[in-house]
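Please go over the structures that come below.
You will see two complexes here that share chain A, one where it goes with chain B and one where it goes with chain C.
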Partner chain A sequence: MSYPLTEEQQLIQQNAKEFALECVEPAAAEIDHTAAHPADIVKKMIEQDFLGIFMPSEFGGAEAGYLSYALIIEELSRVSGAVAAILMNHASLAAYSINRWGSAEQKTTYLSALCQGEKLGAFALNEPGAALGAGEHKVAAVKDGDTYVLKGRKCYVANGGVAGVYIVFAQTNPEAGAKGISAFIVDGQSDGLSIARIINKMGLRGCQSAELVFDNVKVPVANLLGAEGAGLAIAAEALAATSIAEGGMVVGIAQAAMEDAVKYGKQRIQFGRPIASFPAIQTMLAEMATNIHMLRLAVYDAATLLENGEPFAAEAAMIKLFAARIGQSALIDVIQIEGGYGYSQEMVASRLYRDIKGAVIKNSSIDFPEKIIAGNLLA
Partner chain B sequence: MQKLLVCYKWVLDEQDIKIAGDLSLDTGRAKYKISDYDKNAIEEGALLAEKHGVSVEALTFGTASVKQSLKDALSRGLDKVYWIGDAASEQADAFVTANVLTAAIKKLGQYDLILCGEGSSDSYNQQTAPRLAALLGIPAITFVQKLTMADGQVVATRKLGDCIEEITVVGPAVISVLPEINKPRIPGLKQVMAASKKPSEEVKISDLGIAAEELSPKVRSLALKGYVMDRKKVIFKEANQADNVAKLVASLAQEGLC
Partner chain C sequence: MVDMSLSPEQQKVQQLAQEFTAKYIIPVDREWDEKGEFHEFILEEVKKAGLNCMAVPKEYGGPGYSSVMQSLVAEQWGYGCAAFATTLGGNGLSSYPLAIAGTDEQKKLYYGRLVNGGMGGFALTEPGAGSDAGSCSTIAKLDGEEWVINGTKCFATTCGYTDIMVVFASTDPSKGVKGLSAFIIEKERAGVIVGAVEHKMGIRSSNTVELILKNVRIPKTHLLGKEGEGMKLAMKTLDMARPIVASLAVGVAQRALDEAVKFAKEYLDVNGKPIGKHQAIAFKLADMATQVEAARQLVRNALRLKDAGVPYTKEAAMAKTFATDAAMRVAADAVEIMGQYGYSKDAIVEKLMRDAKVTQIYEGTNQVQRIVISGILLNS
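And now, the complex of A and B:
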């Protein structure tokens, strides 16, 4: 493809590819098998400055831009969706939120720690039975002097239990519904914060998802992120920014699967010739190559919009919608091409299938993507 | 020792080169990269510079596209890169390359050590470093797998077939390194971003006073073809596995392989 990447972006892409193949791929199957948090790989990502990739240099970030970040997510996802997911939850949810809405003190204390990899970030948004936009959140934050007291449960918190900094969404004004949700920066070592359980997931295993319990966790007023009631807006933008990275993740996983199918299709002989010579196989490959190409262009374009400070919510929603449509179907076709081998755990396709499913459902957007896209058209 | 220089080559990435049915090479979609062995030389220069607080610069000679290599090179720990982008490199053999590099080095000034990869990852002639040393009138130390600097001299460990030779040299000298000398770094994001702020300088061949015959290659490439190793596609289908093994061994023996 000829998307106009800068020399720096091309180098970052090339180096990320080398890093992924050398430092991540050898461990990818084992990470999937054990579902253990790959702390050694995170340490290597810190050495590559990945944890502060698009954040400002004054807080220890590399200031390499959001498109470079999407490129890194794509390359990591080609070998391990779990490792990409760890970085994604840290960078485009937690660090992005503090960088975007944090006070100078919050950035000095927390963003610096996240950029330099002293702490991993996580985003504690989801609750059992609560739709974000509907104001059904039950985790409450009650102001008591110079602290807020948080009480309740959060589920499906990626990086939960291994993160040192959580962005936690809680109700500060239950009567206001969705507009009463506020965001807080919560230290992972806070008294009263505990892990109820680690969720045994189908895919993206190794990116640990946990259920968190907040048992009267005291959070200083100074750790309120943005204003009271701004939680919904914060979550909406952070989720939209993350949709772009998730698009990159789907591109990376689907690309890896397609390359595996091409390799298999050339080798597998049926009826005296490679199955890749059959029109039915070629149709599937052509369809997935086209879809991956289109999604990649959309990801690069939206990442550039974000990087340039232009509106990107509608483009991010398009990525969310399109990635969900084409990601899983690509993997279904890859497994179809590879037949019984693809269905077996011995081939990489089954892991990629489970990972891509996670990539397309992982973080909900603030609303249905169709509604965001149409709303933008009709505004 | 105060000043190091690394010479590197900007080559086609062999992974991107496709071999067509007629064995011709399709380089249409091939990207360029710093030659793999030269990455070892750059890394060694950067490690020595970081350890001993000396400066390390680089020099490269290629077509106009060699300019695209600068940020990659600079992100690998170099202080500055001098580049010569000229069409003369298209047909250049080791004779021409060494002539151009020598003239440029004489213009740039004195270096205590000049590091090269043992060979380039495209043609792998292994000639540039020794030729460079001969033209500059300084020692050439080849096949180096370990390098240490102390008290103004360099201790180089050379790998020579079945034996190891350790020698000491006082610069200036040309040293060509083997891939096992180190593992080139994967530049971090901050190193990549900082590369844009580091200096680079173009050196023009026309300013080097090189005679026309020194730019005329001694070796001309007549054709470059892909090589495909044909498989014999022999399958032993005896019911008894022991018979298959016996046939395999007999077949290998017939080929002179065991």
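And now, the complex of A and C:
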């Protein structure tokens, strides 16, 4: 790796690699198989300070920067996309939002709890059947004295059911459409908040996704995150920050898959020689190695921009766009190289194939990376 | 929807397959995927509809469907469930070597089993012989009036419950590819053992097993074609089968497209507008549809050449490569368009994306197809 990582970043990377291999990899296949939330691994990640890794020390974070965090995501993803996704939804979406837009009081109460792992964070954005605020099950928030009353449904909420803190997007002003959406910090124990069902997914199994029901959930006015109507802007920036971490996930998953294909290609003899000696196979490997390298550099670059407080939305969207293309094609090629063996459910390649799709699909129908990139060019 | 470019007879078959798929397959596709097996009754229904042995000629009691008609059915089955299409495709695949090299007596035996509702199998691949089918370590030795066969086949489709199968074994290992021969083996022969069942990422309800042959004795007359001509027979068989696999893939792609279009019309964006109104989505759908149609026409073209009796090896390989690559891309794009919903098991497209992958691998990987296509280009 030629990218100039600081000594601290290199140490964090090394530590994350060892952690992933020792504590996560042995359980990875089982986590995928059962799709059960790996509470014991989350506990170990708390001990490693992963949960508040880029958060201010004032609130119990490690203040190690966003790039260090992206390095951890990459290392975890090499062994388990699900575990990486749990951390990502907690850190890039929930904790990030509170740190960025929260009041001092909100940070003391909620960010501290998230950094120290007392609570896991989640981001409740999607709604059944339609984008945020557009469908019949949308979550509406009606102000009543010093509380907002939330009613409606959220679906595909990662960490849903295991999180203690939810960032919930709800419509406070239906007439204003998309501009009438606000963000709230909602305690997972709130009365009226329940889990309708756990969602069965193709991959990232073990990062539990749930459908949530808000049945007149009372949220104190003090838990409004940012201004009323700022919800969409908050979601957009948190999703952009998450795109960088997702880029790290794709790098990690694709790297692991490539290494698996290289190992297989060297061992698999057909026509009297290892299949890795055929140019057709080498072309596939060369292409994925090139793409992974490019994506890794883009992730490190955007993470550095974010941690330096510079604009990063366009760079993050480029990562989203590029990662979707190369992540998908890398895994299609890896299984192609491994043939019927890689296609077997028991082989790691088939899990990575399912997981990488989860790392590259849109988190919601509001993020079109092309629109963000072009918008930046045309502004 | 009936394709008006087809003859009335072809349209009838297409409609029959469409109705069958809608009635019996689509309602249970998710359940089959989860369980990794079919409901037994479906095979009875296939038999009732006369679709279980499409490739069997009329004089042997089958419907004797043309290649185009077989392809129309395969596409509809692929639309419903690629695993099911693969299973029934095994009956076609294993019928082809009989059509190419079978004696009247062999045809009566093999086709008879299929016509009576039996399933056929085709066992070529071995642990050490995938794309390199010539490295076969299953050995057949003549002992008086019988062949004695020993070896292990892997990734044998449907062989856990086939009644009869075409199995490839070497009659002269010293000759490599030229020592390969094909045999008809009935399931009830002593020494035919079904080994480990393969748990796959996709086409999960298609039965894929290890097939162990332990001193299996079959009559001398079960040799299919000439000794040493197995490879040639396998290649000709795969020529015939490739457009059918391609059709199955077209079906998968069409389903993914239809699901994505439905979603794009129904799912509203933050402004309450269907996401299909976004050009980013609309253009992607247009590209997906174009790929599906191009794949379908490439398949039809290869089959028309075949039915006209002219060489079609190159076109069959092109159709297989293009259609299966298209299925992979279109299925992956459908999941992308449908986002978190598409990625969940609430939607069928995640299954399509798992299923599509195998079509690029089986019946000759797409790398092997490119060897075939480029070989013809460079050697003619």
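Convention: the second predicted complex is superposed on the first by the 368 of 379 C-alpha atoms of A that agree within 3 Å, B and C clash if a C-alpha of one lies under 4 Å from a C-alpha of the other, contacts with A are read in each partner's own complex, and residues count from 1 in each chain.
Convention: a contact is a pair of C-beta atoms (placed from the backbone, for glycine too) under 8 Å apart; a residue touches a chain by one contact, two chains touch by 3 or more.
What you see is a predicted model; the values in this text were computed from it and never measured.
Touch criterion met: A:I361 reaches chain C, while chain B stays clear of it. Of the two partner chains, chain B is the only one touched by A:D49; chain C is not. Shared-chain residue A:L11: touches chain B; no touch with chain C. Touch criterion met: A:S68 reaches chain B, while chain C stays clear of it.
Of the two partner chains placed by superposition, A:V250 touches none, neither chain B nor chain C. By the touch criterion defined above, A:V217 reaches neither chain B nor chain C.
Residue contacts after overlaying the shared chain place A:L76 against neither chain B nor chain C. When chain A is checked against chain B and against chain C, the one touching more of its residues turns out to be C. Under the contact criterion defined above, no residue of chain A touches both chain B in one complex and chain C in the other. Note for the complex: chain A touches chain B at residues 7-8, 11-12, 14-15, 18-19, 22, 47-50, 53, 62-64, 68. Listing the residues of chain B that touch chain A in their complex gives 68, 71-72, 75, 186-190, 192-193, 195-196.
Touching chain A in their complex are the following residues of chain C: 125, 128-132, 135, 154-155, 198-202, 266-272, 275, 278, 280, 328, 332, 335-336, 339-346, 350, 353-354, 357-358, 360-362, 365-367, 370. Partner chain C is touched in their complex by these residues of chain A: 126, 129-135, 155-156, 177-178, 181, 199-203, 209, 232, 269-272, 280-281, 324, 328, 332, 335-336, 339-340, 343-346, 350, 353-354, 357-358, 360-366, 368, 370-371.
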